[in-house]
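Structures are listed in the sections that come next.
Look for chain A in each of the two complexes below; its partner is chain B in the first and chain C in the second.
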Partner chain A sequence: MMRKPASLAIGLALAVLGGCQREERETRPEPVLGESQQAVPVTALEPGGNRPQFSNPKAAQFEGNAYHISQGKTLFSAFNCNGCHSNGGGGMGPALMDEKWLYGNSIESIHASIRDGRPNGMPTFGRLIPDDQLWELAAYVKSMGGNVPSAAAPGRNDDMMARPAENRMPNAATQGRTP
Partner chain B sequence: MPILRVIGALGLTALPAPVARGSADRTRNAQKLAPTRSAMASHVADVKGRTSRPGQVVAVAGLVAVSMMSPAAAQQGPAITPPAAAAPPDDGQWTMPAKNYASTRYSELSEINEGDVGKLQVAFTFSTGINKGHEAAPLVIGGTMYIVTPYPNILYALDLTKPSAPLKWFYRPNPEPAAQGVACCDVVNRGAAFSNGRIFFNTLDGHTIAVDANTGQAIWNTKVGNINIGETVTMAPLVVKDKVLVGNSGGEMGVRGWIKALDANDGHVVWTAYNTGPDAEVLIGPEFKPFYDMDKGKDLGVSSWPPDAWKIGGGNVWGWIGYDPELDLIYHGTGNPGPWNPDLRPGDNKWTAGIFARNPDTGAAHWYYQWTPHDQHDYDGINEQILLDMNWEGKPRKVLVRPDRNGYVYILDRTTGEVLSAKPFGAVNSSKGVDLKTGRLIDNPEKRPTTGKVVRDICPTAAGVKDWQPSAFSPRTGLLYIPHNNLCMDEEGTEVNYIAGTPYVGMNVRMIPGPGGHRGEFTAWDLANQKPAWKLKENFPVWSGALVTAGDVVFYGTMEGWFKAVSAKTGDLLWQFKTSSGIIGQPITYRGPDGHQYVAVLAGVGGWAGAVVSGDLDPRDATAALGFVNAMKDLKDVTTPGGSLYVFRLP
Partner chain C sequence: MKATGLHRAAALLPMIPLSGCTGIQSALDPKGPAASELAWLIWFFTGLCSLIWLAVMIVLIWGLSKRRGDRAEPLDIDEAGDRKATRVVTGAVAATVLMMIVLSLLSYFSNRTIAAIGGQNPVTIKLTGHQWWWEVRYESDQPRRTLTTANEIHIPAGEPVRVVLSSTDVIHSFWVPALHGKKDLIPGFDNELTLKADKPGVYRGQCAEFCGAQHAHMALMVVAEPREAFDGWYNAQLSNARQPETDEQRAGHDLFMNRPCIMCHKIQGTKAAANTGPDLTHLAGRQTIAAGTLHMSRGNLAAWIADPQSVKPGARMPTMNLSGDELNAVVAYLEHLK
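Take a look at the complex of A and B:
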């Protein structure tokens, strides 16, 4: 009979630990002008057979990290990314919240797209935006399609919704009063 | 003779003209429609007003009494007509998108008419190979048809003298692909212009090109725009005398608007007029005499802005230009001020969202009127202007008619810029009318968007009651045929940074269907009485141009892909054909080398309204494509992209 509480406790501990990691970040980030120059192929085809791909160390640091994603969300408006990609649905640029990725869906690929630009209209931001902020943008862009742990996902924009968010709606249990 | 029999049944006497192929079919159709009074009247009016052509009948007697019944003849007062100099007699060609300088989009051809239009069938088709929005009008000069596509702006020439119109030549300008990333609302092109053996057109990356109409060889190529500041060119040029008039796009990118005149011979820039900034750069000088006090004063293009905001303030010229050869004035609108968020640019924001009359040789401004001072909702002032002569309160006036984005059909005196009338032609609550004393639009403070606050149910939307999609005017009915939108929106102002070459908007927008739930309308506007004669509802915004003919048939397309012919008098649907993709192009009509009338239109959905399909956007984001996607969520269910030319004729 002790089994259940034990597993519960372990689960809880894991969840709490996970919660710690969601905001983990470097207190002394790299100098702002440092750039990630690792090559990022935009195709799965590799004549002569696939060679192993090495992940950029920054990828793990930024991807799925709540702090960096939320910073990325702020930067997404500050650098007018939303002017073309709206809030993920696209406009002048392609949608970012759907399952289609023209140049790869890894955070490295997204980072490379922002840094170097792409030929059909994506500008290059590599010399305008510091590298860590590029990674934050990439982390946010990757999260837009919901492809991110829920513990790290940023809040959605509710202001343009036709009705308030569910958590701001009157609750039936409280008979219309806000709890 | 079947024709005799039908006319005889109406109690009339008529002589048959030389009968061409298919005349029996057309007569059968006329018989079918004969019971309705309007059809009968139209048939007769049609017969009366023309010279003899193959397949037509010439009336000799007994027609006058019946033709009086037609609405055109029954109308009060003298007819409303375009000035002869700006709308010369129809030669059966189509040399500029608006048909003529008066921009009537009216053809005197009437082989295809109310009686026989139901028999239209496909003559030939042509795939452009481009999957973006096709807003252009085909041109027909002599035995050749010219089509300019959206980016990559290929110019095709089709040989109409041969069966099924084979490709004669094509010209690829190879614009810079990066230009696609700074084009606000799909990578459209609104058409080419012809003059003196040359085709002139613009490319998305900001080049104006002259091509030999016979050989397809480029004659000159002038770079007028810079994509690195977000500047593109999407408009159709207009050729006036020896000058090619061109304007820029980029009101969503903080691009300062201008219009340039290029020498048609060698392409050098003769003059440039900006639409913001100091008078010297706006080409405001001693000739400038605006009608209203609000437009008088020195350097208003600077003083009506926060410091230096005019440098990134929009006022672009991406729409239509008209020309009155008698007054020797060109008329062009100016686009929205940037950014959209009005909190960031207090003032009237001259000379945006208005209209200029300029001398075509020097660019000197003669008058200006601002449709929407301190625009708050992206109400670009760039729609077409139809130049007409009409009686106004008993006096003949030279007028300019403008169905504007802000929702009003304006009638202006085109010699002075005085507003004679401004009546709403769709749902409007963002303003409360136009004060005819001051000329000023009366703003509705309840619908003012502001930073950090969502304002709901603003009508019309940023796309206006009517956007770029050009209307057509028939002197036979006195009606202006307006394809337009029926949409409202929520707006929320946001902070925005100016970064050259990126969007400068500062507004979240979310569009919804307007009153009634349908998103498009096609309105026949009675200019003499300033009210609608009839209205058609369409599920989607009517984003195509309109065309009207002396056959009293109006053509337009829907975003589902229906190409429709309706009665110019009643709006009754006479014929429709489902094309391969949604239609946002401008229909035209011409007399082919075989002497018969043809109707042509480009299908190929896209544009701002169709970006959800042509750009494959995600409708879960209500703000996608500057909010338009929210109103067009189901467009992907009914059409797919792909540009094709369709040309129709009678069997």
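Take a look at the complex of A and C:
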């Protein structure tokens, strides 16, 4: 008589265990590409214009990945993006936590902005930051306006916060309202 | 024949852990006053607790083997026996309380002795924990004599050195077993301890608070040397990095300044001035790379730069897309930074 509930409980416990695997941490690019094998930067200088898009598999791989977004957050302050973008609130550079995206809010477009720079001040980082780290930064910048699932967005800082944590931000475009 | 061999092996088995009692990273092989105090405490606690355990075991065996005498009426109260049992239990409780008081007092006075180690105007080191390396900063009244290095602390032997501990990300713990006990590095809070090495030597330290994927690869070396040698080292460290001399080193220098290296590292005297990663001004003069993960050698340096994520997966150092020639050039330049 006791067999059935016991085996049910064990089966349930095993099923729950499957949920422990949240995501893999990919710490090194696979395969390691030389610079010559990476996509060639192409610029279309007008704001809002449709830029040639590369369907890069890394876009889907980095977007919504909690590890990569948190790495991007570390790099964002380590590389002093705050110097112009002030924790996403904007200053000398545009705000990153609002719903306005001069070049669109796709991760590919953000990646291209960091890699190749943009007119009126955004420098080129393509040679100074390895490609995976560019994608991490892009994924984090995208999360600043609440554009990623809150399960993947970084939680609050250990030190003083200049803004609400990324995982508590409502989507800037909808302000938390359902459209 | 076979049996005696087995017996001998069995007799040697308990000796194996004893080999951990010496070496550059052992609390049982103290090389400073604080560690000596702690080692004495460890031996005293272990000895006393072993004696107590032995006594308890003897009483237990005696109690198990003793047969209860036949009594005509088991429910009768045996007053004499009860009084005896009360006396024995009271005595045991009193002895336990006494032991705990004695051990607490010993530990309290040891802490006082360790806290009292100090001196006038000691060398002050600000040690900051990062995932997963140690930033070392020697403080000075004169800004030009302030020194930054990483993963290796040099101290004058026989002198107290004040170490101020803090962290930028998560809680780490500073532990050089041969010199001192553990002390945590906490973000937003400064802890302090005083290191003192009685004799010159190299002592290994290790992060002692789980701090992430590469916690095990977060070691540091403490090099205690005579005062003159320490002063010589200090003045050499204050100088700018050596200029590249060969063509290969010059190529490596140019690559360093135009590639991702410059985003995180500092080489004093060049335009590389970031402080996200370890200071590399005198990298080749250090004993290890990647916080005690690899010995300093040309091969290890090349392996680390070529593919840091297979040496220390998760470390902040990313994979760079350097060709073979570029890698050789960068290594030649870094190896030159003595």
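As a convention for this text, the second predicted complex is superposed on the first by the 104 of 179 C-alpha atoms of A that agree within 3 Å, B and C clash if a C-alpha of one lies under 4 Å from a C-alpha of the other, contacts with A are read in each partner's own complex, and residues count from 1 in each chain.
Here is the rule we use: a residue touches a chain if its C-beta (ideal position, glycine included) is under 8 Å from a C-beta of that chain, and two chains touch if they have at least 3 such contacts.
Fair warning: this is a prediction, and the values are worked out from it, not measured in the lab.
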- prompt: Where does A:100 make contact in the superposed view: on chain B (first), on chain C (second), on both, or on neither?
  reply: first
Exercise for review: Could you say whether A:132 touches chain B, chain C, both of them, or neither, answering first, second, both or neither?
Suggested key: second
**OP:** Check the residue A:92 against both partner chains and state whether it touches chain B (first), chain C (second), both, or neither.
**Re:** first
Chosen between chain B and chain C, the partner touching more chain A residues is B
Should A:149 be classified as contacting the first partner (chain B), the second (chain C), both, or neither? neither
*With the two complexes superposed on chain A, say which partner A:25 touches: chain B (first), chain C (second), both, or neither.*
second
Is A:79 touching the first partner chain B, the second partner chain C, both, or neither of them? both
**Prompt:** Counting only touches as set out at the top, which of chain B and chain C does A:121 meet: first, second, both, neither?
**Reply:** first
Dual-contact residues of chain A (chain B, chain C) 78-79, 128, 159
Seen from chain C, its contact residues with chain A in the complex are 169-170, 187-188, 213, 258-260, 262-264, 274, 276, 307, 309-310, 313-316, 318-321, 323
The chain A residues in contact with chain B across the complex are 77-80, 83-84, 86-95, 97-98, 100, 117, 119-123, 128, 157, 159-162
The residues of chain B that touch chain A in their complex are 177-185, 252, 454, 490, 492, 494-497, 499, 501-505, 508, 510, 611, 615-626, 629
Per the touch rule, the chain A residues reaching chain C in their complex are 25, 27-29, 32-35, 74, 78-79, 127-133, 158-159
